[in-house]
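Next up, some structures in structure tokens.
Shared between the two complexes below is chain A, which has chain B as its partner in the first and chain C in the second.
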Partner chain A sequence: MKSKTIKVDVLARVEGEGAMSVKIQGRRVTDVKLRIFEPPRFFEAFLRGRKFYEAPDITARICGICPVAYQMSACHAMEDAFGLKVEGQLRELRRLLYCGEWIESHALHVYMLHAPDFLGYEDSIQMAKDHRETVERGLFLKKTGNAIVNLLGGREIHPINVRVGGFYKIPAKREFAALAEDLKSARDVAIETVKWVAKFPFPAFERDYEFVALRHPGEYPFNEGRLVSSRGLDIGIREYDQHFAEEHLAHSNALHSVLKDRGPYFVGPLARYNLNFDRLSPLAQETARASGLGSMCRNPFQSIIVRSVELVYACDEALRILDNFEMPDSPAVKVEPRVGVGHGCTEAPRGILYHRYRVDDHGLILDAKIVPPTSQNLKTIENDLWQFVDANFDMPQDTLQHQCEQAVRNYDPCISCATHFLKLSIDRE
Partner chain B sequence: MAARHKPKLAVWKFASCDGCQLSLLDCEDELLAVAGAVEIANFAEATRAVVKGPYDLSLVEGSITTPHDEERIHAVRRASKYLVTIGACATAGGIQALRNFKDVKEFTSIVYARPQYIETLNKSTPIADHVYVDFELRGCPINKYQLVEVISAFLNKRKPNTPAYGVCMECKRQGTVCVMVANGTPCLGPVTQAGCGAICPGYTRGCYGCFGPKQTPNTKALSAWWRGLGVPETDLVRAFRSFNAYADPFRKESESHEV
Partner chain C sequence: MNCASQQKILLIGVGNPLRGDDAAGRLVANLIRERQPLSFRVIEHDGEGASLIEAWAGAQKVVVVDAVSSEAPAGTIYRFDAVEQPLPGKVFQNSTHAFGLCEAVELARTLHRLPRQLIIYGIAGKSFSTGEHLSAEVESAVSHVVEQILKETEGKA
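And now, the complex of A and B:
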């Protein structure tokens, strides 16, 4: 019988380095591997012996695309260890910073990494030759997100203004006010984005995933909430290690996460949306419905619509926070280190990001554990590829290979993160 | 045809966080103009299209940490007319160079359940330790305006205009009050290269050295000042040992405070 390989040696338009290979024997998929050759950088090892206050800046360097997520999870974990709560305006400003990162990261993925797949371009710059206004719209959205991070964080990549307990300095009210005008336009652009991507041709592909995301009593989740799933998981962040496990496989410098006794699960925009539709702002809900998207979406190719709905939400939420902004008395809550173990889990643009630290009474880190969203999705991505190729044997090799690449990009995988964390090949034997 | 003569730009990644190459995509106002002036020939984060070398300008992000990358960088050098390294990983080994002070085997076993699956070198080293580098652009992350300046300089065959002086100069020019003198906040600004725009002091925080050592840094004198502010030796080791830990002046200074 004929054998065949679908192989992509360097997956493009993902953050970091990986490859994929799918082996096919006759009409059966026999193996799928996402190979992660992003070199390991050993963050969890060299965090040992560092001070607690260094964790937000050091872990930010795991990922240049979502440094805010690392800073937030690190801060929350340390604050958990020290029995500290950051509330009121400071808590709101953390949400605002996260809105900035979601807008910047989602706009990058929707316009520059994912949309070219649906429209048949190699990249957004080629796309700009035919659709300049569209690409400029995306760049405007991205810039607006970056402007938030830039103002409140000090710079877009590896912000400097975040600390355990809050911030170093809160910018003046008038500086925030200047953001609002652009955010209103960005919100309109985000609504246009939902309408635009909803019309893309999507492969019919659905699986019965277990979605995992944070859930908070009153808000769409960024920083806080319980960990819930579409199959009944409902736990506090501190119980994470009892329910999730990491496996180390030979083909990957990234660890693969599974739910103990149940296996792979799905994190990110689709999971958040499916578990928290009722927590979206009315405008975001309305935009989603108008685009034909229900309150539940199981087709990962449509994640681009969900990401765009989250863009609407993030602009809306940022505007709400700016409207209610009042200068806090102090830029940070006083921090007093004590012996303990702290857990933090926040919603990075790509899904839940878990940090755990054990610290001594001088605030020295004794050990650290970090579980990025992409390593939690790796098994699910491999399974998607398996099933997708299985259902599409008769597709021409080129089309199949391209759609497999898309199946990976659906997850906006961040390989730099997951290496602690892509190459694609489909083998037909 | 004019398009045929466009210079080819390639972006290469070694061990890094992707942040420095993202800086190029973060130039929202300049991106389409830059893309108009060059042919983007290899940039995996942004495009599937790969154009064959040689390349007129290669931007290299990341440090050398694996046997495979140690070989790959030579292929990149051979295919590049000019090679510019971008960011602290490429110019100094990055935060992952903290392994250089420890036993890497121990590190591997802390992070990975099956260390035998991991191929890694004992040290994380800058690109210039392996191949000739035409220009080094500092920062963790780099400043995007400096990046546009460097690209434009190489396209126009002139020297990039990036300062080698310290962060203090930027503070003075901006009128930022000195955090060390006024608030007693330890600051690495006096020994750190300018280029970020002195962001940290602007946010009432001490500089943490992410652009690496400036030209002729007097680290010893700064350490004495820090001691005067009550900073213990162990904190001095950590302060000099972060994102540019393996840059010579910072490495030596951190080692001199080890007990």
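And now, the complex of A and C:
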């Protein structure tokens, strides 16, 4: 019997160890395991006994890539507990902030992490040697997203500018106006990005996933909506715990999320797109169609196109919000804590992020639950690899190894909140 | 940015304050801000590489401080001139992000976006587990790095 092991660092993170192993016996895959470390468990304990208004600031530290998502889910959960609605311009500004985070996160993933896979480069540094202008384009997009998050989210200050009920301070109208010019260029760059990535070679790979995302009556989802799936799930956020369960597996510190009695599911850009194509702006829809992407995409390797379409949408939506911006009377609505349980679920760049808090009548947090998107996709990633390796058994080891890494990156697994080293090993016996 | 702030030395403290010794870079940043607010422009940063390249855009003299995970004893201080030589991947590979400080430096080198002067300090951490606790070795190294930075930049801002 021949045995072969290759280990490759796919991702890096300061915390813990993560590893993915694929075992092959004869001509069959016999096991796939993704082991990761998951800090939200620590943060759940850390939040107990803290004041309600600390939750957005503390949870924003879980992930360096998507702090806005954590702030938003925390705020919405607290507002739900206190029976509060944030409407009008404050609600619009929250959407604007989310646009900024999607632009940053998607630009980083598309240009710096995923595109080199498709073009055969080890990383974006190697890619930059041959495609300098392309990488500069990615950095420009990233920078435009950063500018929104820095202006409105106040990332470099403490506490961050987001609070339960709204913001601490609303930037002046002229500061917003300065963003608009760059956003117009960024929108053009995003359209170019869709055209560019649509030409990449995509492995033929599809599975019959259950996609899960938020759906709102009038908008592509960021902060609000019902939780729906491609197999008929349609529930309010408060019903999350009745339908979703987290399973603890012996091989992983992380919990694997499943839909009760149904199994694994798929969250993130592909799920959002498939369940909300009709809610994209006309420009984003048109760009998607022109690239050859239909209103439904089941190939996770093509998620890079969908992420790029979402880049177009996020720039377009940000410009719409800026066009209609009027200074709100107050940066936040008044918050009066009361005893209760609050649920929040928003669309982080990588998919739905669920928060639940129980607070007492002084606004002290009694317990917290946080379910990040990456842990919801873990089982689906494992199943993808299982099927992918099974179907491509005769592929040379190097190519197989490379495409497996690419398959993991399809999900843009959140390295900050999920794992340190993800070492992929393929053992053939 | 005005002329005065352009002439200041840019100090970027990288890390996560809720990840044990990973907070080291930010602590150095805080201390430098308190000690020499006139000579330094100080930024605390989460370490994401692409935004690091933006952070140092336009600056002439830059010092970055980050915690590193290496086999050396906790508290070991590294100093690299990133303009002169590539960062040793062995020391900085365990960065906070898949696209972190090391990648930022090398991508910026390829794109000709390195500042004229870029000094990088690494402090070897002991524990990067979640929490606010800093190990004694790293706490002591933080003070040393602050003194070293102030000494080597004295009169140069």
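Methods note: the second predicted complex is superposed on the first by the 397 of 429 C-alpha atoms of A that agree within 3 Å, B and C clash if a C-alpha of one lies under 4 Å from a C-alpha of the other, contacts with A are read in each partner's own complex, and residues count from 1 in each chain.
Here is the rule we go by: a contact is a pair of C-beta atoms (placed from the backbone, for glycine too) under 8 Å apart; a residue touches a chain by one contact, two chains touch by 3 or more.
It should be emphasised that the depicted structure is a prediction, and the values quoted were computed from it without experimental measurement.
In the superposition on chain A, contact of A:Asn161 is made with chain B only, not with chain C. Contacts of A:Glu44 after superposition: chain B is touched, whereas chain C is not reached. Using the contact criterion defined above for the overlaid structures, shared-chain residue A:Glu54 touches chain B, although it does not reach chain C. By the touch criterion defined above, A:Gly64 reaches both chain B and chain C.
In the superposed model, A:Ser124 makes contact with both chain B and chain C.
Of the two partner chains placed around the shared chain by superposition, chain B and chain C are both touched by A:Met112.
Partner contacting the larger number of chain A residues, of chain B and chain C: B.
Judged by the touch definition given at the top, the superposed model places A:Lys169 against chain B, while chain C stays out of reach. When both complexes are aligned on chain A by C-alpha atoms, chain A residues 10-15, 39, 42-43, 46, 58, 61, 64-65, 108, 112-113, 123-125, 128, 132, 135-136, 139, 142-143, 146, 156, 416, 420 touch chain B in the first and chain C in the second. Residues of chain A touching chain C in their complex: 9-15, 39, 42-43, 46, 58, 61, 64-65, 104, 107-108, 112-113, 123-125, 128-129, 132, 135-136, 138-139, 142-143, 146, 156, 415-416, 420. The part of chain C that touches chain A in the complex is made up of residues 16-19, 22, 43-51, 53-54, 67, 69, 93-100, 103, 106-107, 110-111, 128-131. Here chain A touches chain B in the complex through residues 10-17, 37-46, 48, 50-51, 54, 57-58, 61-65, 67, 108, 112-113, 122-126, 128, 132, 135-136, 139-140, 142-143, 146, 154-158, 160-161, 167-169, 246-250, 253, 255, 367, 405, 414, 416, 420, going by the rule given at the top. Per the touch definition, chain B reaches chain A in the complex via residues 13-23, 25-26, 28-29, 31-32, 35, 40, 43-49, 65-66, 68-69, 94-96, 98-99, 102, 104, 106-108, 110-114, 117-118, 120, 124, 140-141, 196, 199-200, 202-205, 208, 210, 235, 238, 242-243.
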